[in-house]
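Chain lettering (A, B, C, D, E and F) follows the sequence in which the chains are written, and residue indices restart at 1 in each chain.
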Amino acid sequence: MNSIPWQERPADCADVVWRYSENPVVERDAIPSSNSIFNSAVVPFEDGFAGVFRCDNKAVQMNIFAGFSKDGINWDINHEPIVFGEGNTNMIESDYKYDPRVVFIEDRYWITWCNGYHGPTIGIGYTFDFKEFFQCENAFLPFNRNGVLFPEKIDGKYAMLSRPSDNGHTPFGDIYISYSPDMKYWGEHRCVMKVTPFVDSAWQCTKIGAGPIPILTDEGWLTFYHGVINTCNGFRYSMGAAILDKDRPDQVLYRTKPYLLSPQTNYECVGDVPNVVFPCAALHSIEEDKVAIYYGAADTVTGLAFGRISEIVKFTKENSL
Amino acid sequence: MNSIPWQERPADCADVVWRYSENPVVERDAIPSSNSIFNSAVVPFEDGFAGVFRCDNKAVQMNIFAGFSKDGINWDINHEPIVFGEGNTNMIESDYKYDPRVVFIEDRYWITWCNGYHGPTIGIGYTFDFKEFFQCENAFLPFNRNGVLFPEKIDGKYAMLSRPSDNGHTPFGDIYISYSPDMKYWGEHRCVMKVTPFVDSAWQCTKIGAGPIPILTDEGWLTFYHGVINTCNGFRYSMGAAILDKDRPDQVLYRTKPYLLSPQTNYECVGDVPNVVFPCAALHSIEEDKVAIYYGAADTVTGLAFGRISEIVKFTKENSL
Amino acid sequence: MNSIPWQERPADCADVVWRYSENPVVERDAIPSSNSIFNSAVVPFEDGFAGVFRCDNKAVQMNIFAGFSKDGINWDINHEPIVFGEGNTNMIESDYKYDPRVVFIEDRYWITWCNGYHGPTIGIGYTFDFKEFFQCENAFLPFNRNGVLFPEKIDGKYAMLSRPSDNGHTPFGDIYISYSPDMKYWGEHRCVMKVTPFVDSAWQCTKIGAGPIPILTDEGWLTFYHGVINTCNGFRYSMGAAILDKDRPDQVLYRTKPYLLSPQTNYECVGDVPNVVFPCAALHSIEEDKVAIYYGAADTVTGLAFGRISEIVKFTKENSL
Amino acid sequence: MNSIPWQERPADCADVVWRYSENPVVERDAIPSSNSIFNSAVVPFEDGFAGVFRCDNKAVQMNIFAGFSKDGINWDINHEPIVFGEGNTNMIESDYKYDPRVVFIEDRYWITWCNGYHGPTIGIGYTFDFKEFFQCENAFLPFNRNGVLFPEKIDGKYAMLSRPSDNGHTPFGDIYISYSPDMKYWGEHRCVMKVTPFVDSAWQCTKIGAGPIPILTDEGWLTFYHGVINTCNGFRYSMGAAILDKDRPDQVLYRTKPYLLSPQTNYECVGDVPNVVFPCAALHSIEEDKVAIYYGAADTVTGLAFGRISEIVKFTKENSL
Amino acid sequence: MNSIPWQERPADCADVVWRYSENPVVERDAIPSSNSIFNSAVVPFEDGFAGVFRCDNKAVQMNIFAGFSKDGINWDINHEPIVFGEGNTNMIESDYKYDPRVVFIEDRYWITWCNGYHGPTIGIGYTFDFKEFFQCENAFLPFNRNGVLFPEKIDGKYAMLSRPSDNGHTPFGDIYISYSPDMKYWGEHRCVMKVTPFVDSAWQCTKIGAGPIPILTDEGWLTFYHGVINTCNGFRYSMGAAILDKDRPDQVLYRTKPYLLSPQTNYECVGDVPNVVFPCAALHSIEEDKVAIYYGAADTVTGLAFGRISEIVKFTKENSL
Amino acid sequence: MNSIPWQERPADCADVVWRYSENPVVERDAIPSSNSIFNSAVVPFEDGFAGVFRCDNKAVQMNIFAGFSKDGINWDINHEPIVFGEGNTNMIESDYKYDPRVVFIEDRYWITWCNGYHGPTIGIGYTFDFKEFFQCENAFLPFNRNGVLFPEKIDGKYAMLSRPSDNGHTPFGDIYISYSPDMKYWGEHRCVMKVTPFVDSAWQCTKIGAGPIPILTDEGWLTFYHGVINTCNGFRYSMGAAILDKDRPDQVLYRTKPYLLSPQTNYECVGDVPNVVFPCAALHSIEEDKVAIYYGAADTVTGLAFGRISEIVKFTKENSL
């Protein structure tokens, strides 16, 4: 397998997460039909990497596309969206697909996304090869967004984080966990993390949602998430981290009071939706103590940021709410 | 078993559903602590009837109470709310309980209600005797209301109607169906019925929700439901009926374009929330061709209305959207 | 011609407008299909009276129906809505029709109403006999309500009051006048009357709209209108009067600061939309110094009120804003 | 001095506060110009009682009027509003006046009301004889409502409860206390009572505001107040009680979780603003253990309710939040 | 006549519409008093071009100014706004003027604009020489914006596109057509184009409005328009094209599903109102197969874009909704 | 004392206020913990300058920090926020502190800020040395922002401008003045300046608030303030000036119709809250006819602008509303 993308921290930077100097890694027009490419997911695949990309076309219709890369930085994204066959159901209706996540569990790559079925809910699919794809039952009733699977079964069941929503620009939102014995029926819903009081940590006081697949560390599940503040000029999305209990992931052990990354560069502050940093995937190496976080920027392009897992865990513990 | 409550149609009435002349059957202060008793469910029990009543107390806290009646009209409601033991879970948190439904399936009485767990969702419990009660896992993530079970398994699975919501005075809402092999994990979510365009049937153009347990007829599942219109003076709740396919209850065969009952009497138009007719239960006898519908009136008291099942089915078919 | 309906002022009443003692004159279920009958218009016809009634059916669809009466109090309303043929256009689309007004000009009875064409606008039609009806071009672009014709041409042109609106429960609204040489093309739009500052006359501070056809008096056009205040429990509709200049009806000479009639009886305060008094027609006799005002009550039934024209004019002048 | 109005508790009533059987005590049209008379204040005066009444006129302009009564039940209200001379300022601007309270302190009767000065704030005035009235500086900047003085100085300073608001149908509101050495400059603002969480006591979860002048009891200041819940059909106003520390009245010792009185009668549920019980004054006799509470009903008329002070104090302690 | 401005498509560009490399063509401070110059209209005039420019001054008052150019790129804009004399009316009130369009019909240049008369509506004026200007009756009642005349009479009548609105930041809006025999009275209103469902073409799902004067092509009237999407950070305005039937321009033959131009450059994404591309005029040459489109950028400056008419028509047909 | 910062007007600039060429003077990360530093106040101190800076940390918590500079341009800001001891009260609760102003009166430096006490209100504190700080009673009840003291007593009393608000992104707001004999009790509240009608000066039509400490000139108190317009993409904040009467500062003598500075540079248009220019302090020298205005830019950094006092006064008089 190839190494994950990496750049050392710049000399003048004291932050535990820092940006890739050549950001954005995926431009808005990386395929001919696209208006914007962002909020996308990548995963190690064969000797390199595969990804599922959210590419909104120039009619601003949302769909997901497969892509491939040797180095995680230069991406070949298919020009046609993913077509799904029937997985565990023949109900594979989808008005739109966006904000995918990808994770390998046991024998296959599972994809979750925000699926349009009378409003947003969590779509589930899988692939073995990123060529043929199969769609399963939606996990939940509408309205839901940001469905993120754990990379292994917990207590013998699949586990998924999600964020119950409404059908518009949802001005609220907390993170829940649900379990399934079979990827078809879901239950044992538990509230995991709620928004913070404005006075405690304002960047995450309006809504929060899980981002990349959680990473198992010695301290528990390292989970990057986005938080939103509602300013007088609209929502601003930033990124934080939480550590969830290994065996009971509805228990939050630590959670960053400060953000790890907030919109500050031009490509994060200017675009189709200004002031958005929205992480959806992370490549990591526990051995090398590295993580490479992919995030949507300004709902327009895809950025990449780096960090040392040990440092992020330490920071999260020391700056916890 | 006792006969269900009944009164013949008044001579001057041409409607297929008519009110009990002595309404309300349950007054707002029927127990000492209550501010209002409404949106409640009854079921045949032993030689009479049992019920689960929503009694809001004078702090306007919502809870559910067991009650008993010989004739379905005169009710003894317990002065203390139902206390639940652990059913299939130890997560029996509940900030509030309201709008119960009750149904007998196989060996026990199942109760569903709107359960406060970080917002409204569908609580599930059961009892064998209306003395001891057991609470199960919530069916869904928040936000949801009006969870209504079918009185028998469909294709080997429990089936539940529900209405995804938000966490306030939800200004939207359609009816979905979900299935469970075990009353714990739920999936196979399908949209059943949506609100109507204003120009087609305005009384149900804002939101709809299932009411009493569906009644199996030769034509399919007869399902009473409420519909809401948003006037310049707030929501008005009325009652209609739909007939769902016997084997595929996500298929609506017929659905009333006119309402069957709308707020017109003083006790329906004046009270804590004016202009509400909200059905939650129905006693029925296919043999006698009778149905007795219990409904909340003005969020304050409980009313009773009668109809001939065959007439209602005929009306629904002939006045279908 | 028959006399207009009339009752003398009750002994204990000091108001210039008083209610008919047997109100409502039209009940909500006066025809089999109706949920409510209100905001309707009447006019002298042959030896009695004819009317165009807003009857919402039990699907709460809005349409207009012809009706006839010998005495203006007992009405026979057709069970089927008015069907229009083509008048000056073949564009006679209509999603719904409501709040009609009727006036005789020159050789025929003109009807205006709120016509559903991609939202509410002003529909125009005519009849010679209340049997055959013809629909003309809509007067205006959406969104508009309360189109009220003057009973004679002014400066050789038809003149119409109207109230530009939006497509919901419009929280604003002033009265304008427009002119047409031919009932097809309209222009010379002028603002006539605006809402009042809250501190000057709160019952008409949210929106206003013309009601019955203006009545020509020595002082000018006596025009009844409705005004709306937005309370914390929704809109409350009351009735006032204005006197417009005979030759330049965009000039308001006088306008009542107090209301003439506000919702105070049970049938005005309780119903499908509580607290609505909404005048749409007036029968009058200058010779007998009488006016009989028909008004919708609580969006449910039709009420009748009486007054002496001379007293109302005097009151309007002496209590003018 | 005359006895305060009184009726014993009805035999079938178990509540600590009960209604006067001849309610309303003041009808909406008690003076010729009035549309409604409610939210008014009374006080012992000479050998009977005087009052300051909110009478909205038929233009729905809000103003305050003096009135007199021998028995506290039959009232003669002046036909002209109170005219103020200059008290401690020449700034006696007032766009409107409403919701008065009256209290005797030291040598005079102080009146506070909601005063229109670029929005609602707290107006202050005084009289010695209810004939001549003097207006002082407004206590606070806009926006504020429900300013209620304590009947004696606390720690040498005047003390006033108030409810900071916005300039519309304020959807929030807590009770604060402020102090003044001289009835001109105010400071030492403290938060006293906030709205309750919906799950704890829903009738007071949207906003609260002080009502009558606090009554000194052995347990502290007995303070009646109104609480509001925001239903899908608008605000509903009910009444509760709190006991504040005698010396540090910003400390709440007890506060009723249940309401003491909520809108249940026709005159409280139907009117210009349905479902309002709004207390503004209380006559009391510690010796006789009686209190007579005057409250606005449906923003239309004035009601009267009775209770035993000792019972209310006991109830408040035993049913405290 | 001079040639219209032109630049060939850049080598690396595959779009049918491309930007002028020296954009913006008009800076925000092109005249001393201006805060911003945008949403402006140009037209061939004498041997060069004339224009009517929206220049908001530094009090952010909106007015329209005449300007002149030899090449369509370098503009001399008058320092004083246009003053109108009386055209077909003496009612030439105007609280503000903005978003002008200009077209030559028969013998004169007609100007339409958003005219402030108790809210926005469509003002009409004309000039023969861009020195003397005459104002006519407003076309419609308020509230309306984006009135755009066709460059020739259709069926003997003037024809105008417009967009009925409300009086704020209108969150809805479709395009209608109206006709007039005389530029004074308007009627025969027809709906032409509505917003698209979000899932079909999201950039135009909130509101749309006509832009430049339609261009007659072999396929029909080529009409550029703007479409708006409501993001969580406000409105984003993009540009599309439609082809209307030559003889019945209320019939849409083709309409672009993708946008032609959306805010992507810094001067379109950053300014007084970020993310706005708003076309108001186009110079074209059928012979040379060229069009030069003038558009407001970020409500701050004026941009210029180019395209081949034949390509745009082909693109519109092949990418039609 | 050192000279105030200064740069001459650029040759190509005709404005009376111009930006410092090296803006921003304080970057967002000028101290390690800060997310942003803006809306801050400076004052001459010893031989240089001191300041109180709003530094939001990376949890986006708002607090105020002392800082020092020799030249007013290069600032050393403390890394820890100001800690207050008890001034005239022991009630020094504070959920947050933001938007400070500083002024020297008589013997000490007074600081006012937006203080979190059950919502925003005006906090008051003082220091003699910028090392030890003392907190006093809040001036007002919530909700209030932008409390600005005059630099000397007026008629023997302290005088403060403020802006009553609500507890969110207040969409309204006017400037009032209040007086205090002792910095503890406040009264004599007067309205000073209101928002302007949209058609007169749109940049200040939504809300306004005082900025730097008023500067006494021959013409009266020169007062810079911010004004806000509500665009379809959120609030835009600009700066204007007013001149208040020397002895009766509630009297506005002149007020700029045009803005003096609006967001136009990248650091004003792009940041945490785009399009904000928010002045909070000004260093001035009447003798040198200079003013240096410090303003928050995009709620992210601090900018500096310069002007000649005489020119600004002249401009204000000549361009007055």
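Convention: a residue touches a chain if its C-beta (ideal position, glycine included) is under 8 Å from a C-beta of that chain, and two chains touch if they have at least 3 such contacts.
According to UniProt, the chain labels map to these proteins: A, B, C, D, E, F = Glycosidase.
Everything numeric here is computed off the predicted structure, so don't read it as measured data.
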item: Chain pair with the higher count of C-beta pairs in contact (D-F, B-C); value: D-F
item: Far-end chain from subunit C, centres as C-alpha averages; value: A
item: Most remote chain, CA-based centroid, reference being subunit B; value: F
item: Subunit A-subunit B separation of Cα centroids, rounded to whole Å; value: 39
item: Two or more partner chains touched - positions in subunit B; value: 233-234, 270, 274-275
item: Arrangement of touching chains [line / ring / star / complete / other]; value: other
item: Interchain contacts, given as pairs of chains that touch; value: A-B, A-E, A-F, B-C, B-D, C-D, C-E, D-F, E-F
item: Residue ranges of subunit E touching subunit F (in the complex, touch as defined); value: 28, 32, 35, 56-62, 95-96, 116, 169, 233-235, 270-275, 299
item: Subunit E-facing residues of subunit C, complex; value: 89, 91, 117-119, 121, 137-144, 162, 164, 166-167, 172, 174, 176, 178-182, 184-191, 194
item: Residues of subunit A defined as touching subunit F within the complex; value: 14, 199-203, 229-234, 236, 257-259, 262-264, 266, 269-270, 274-275
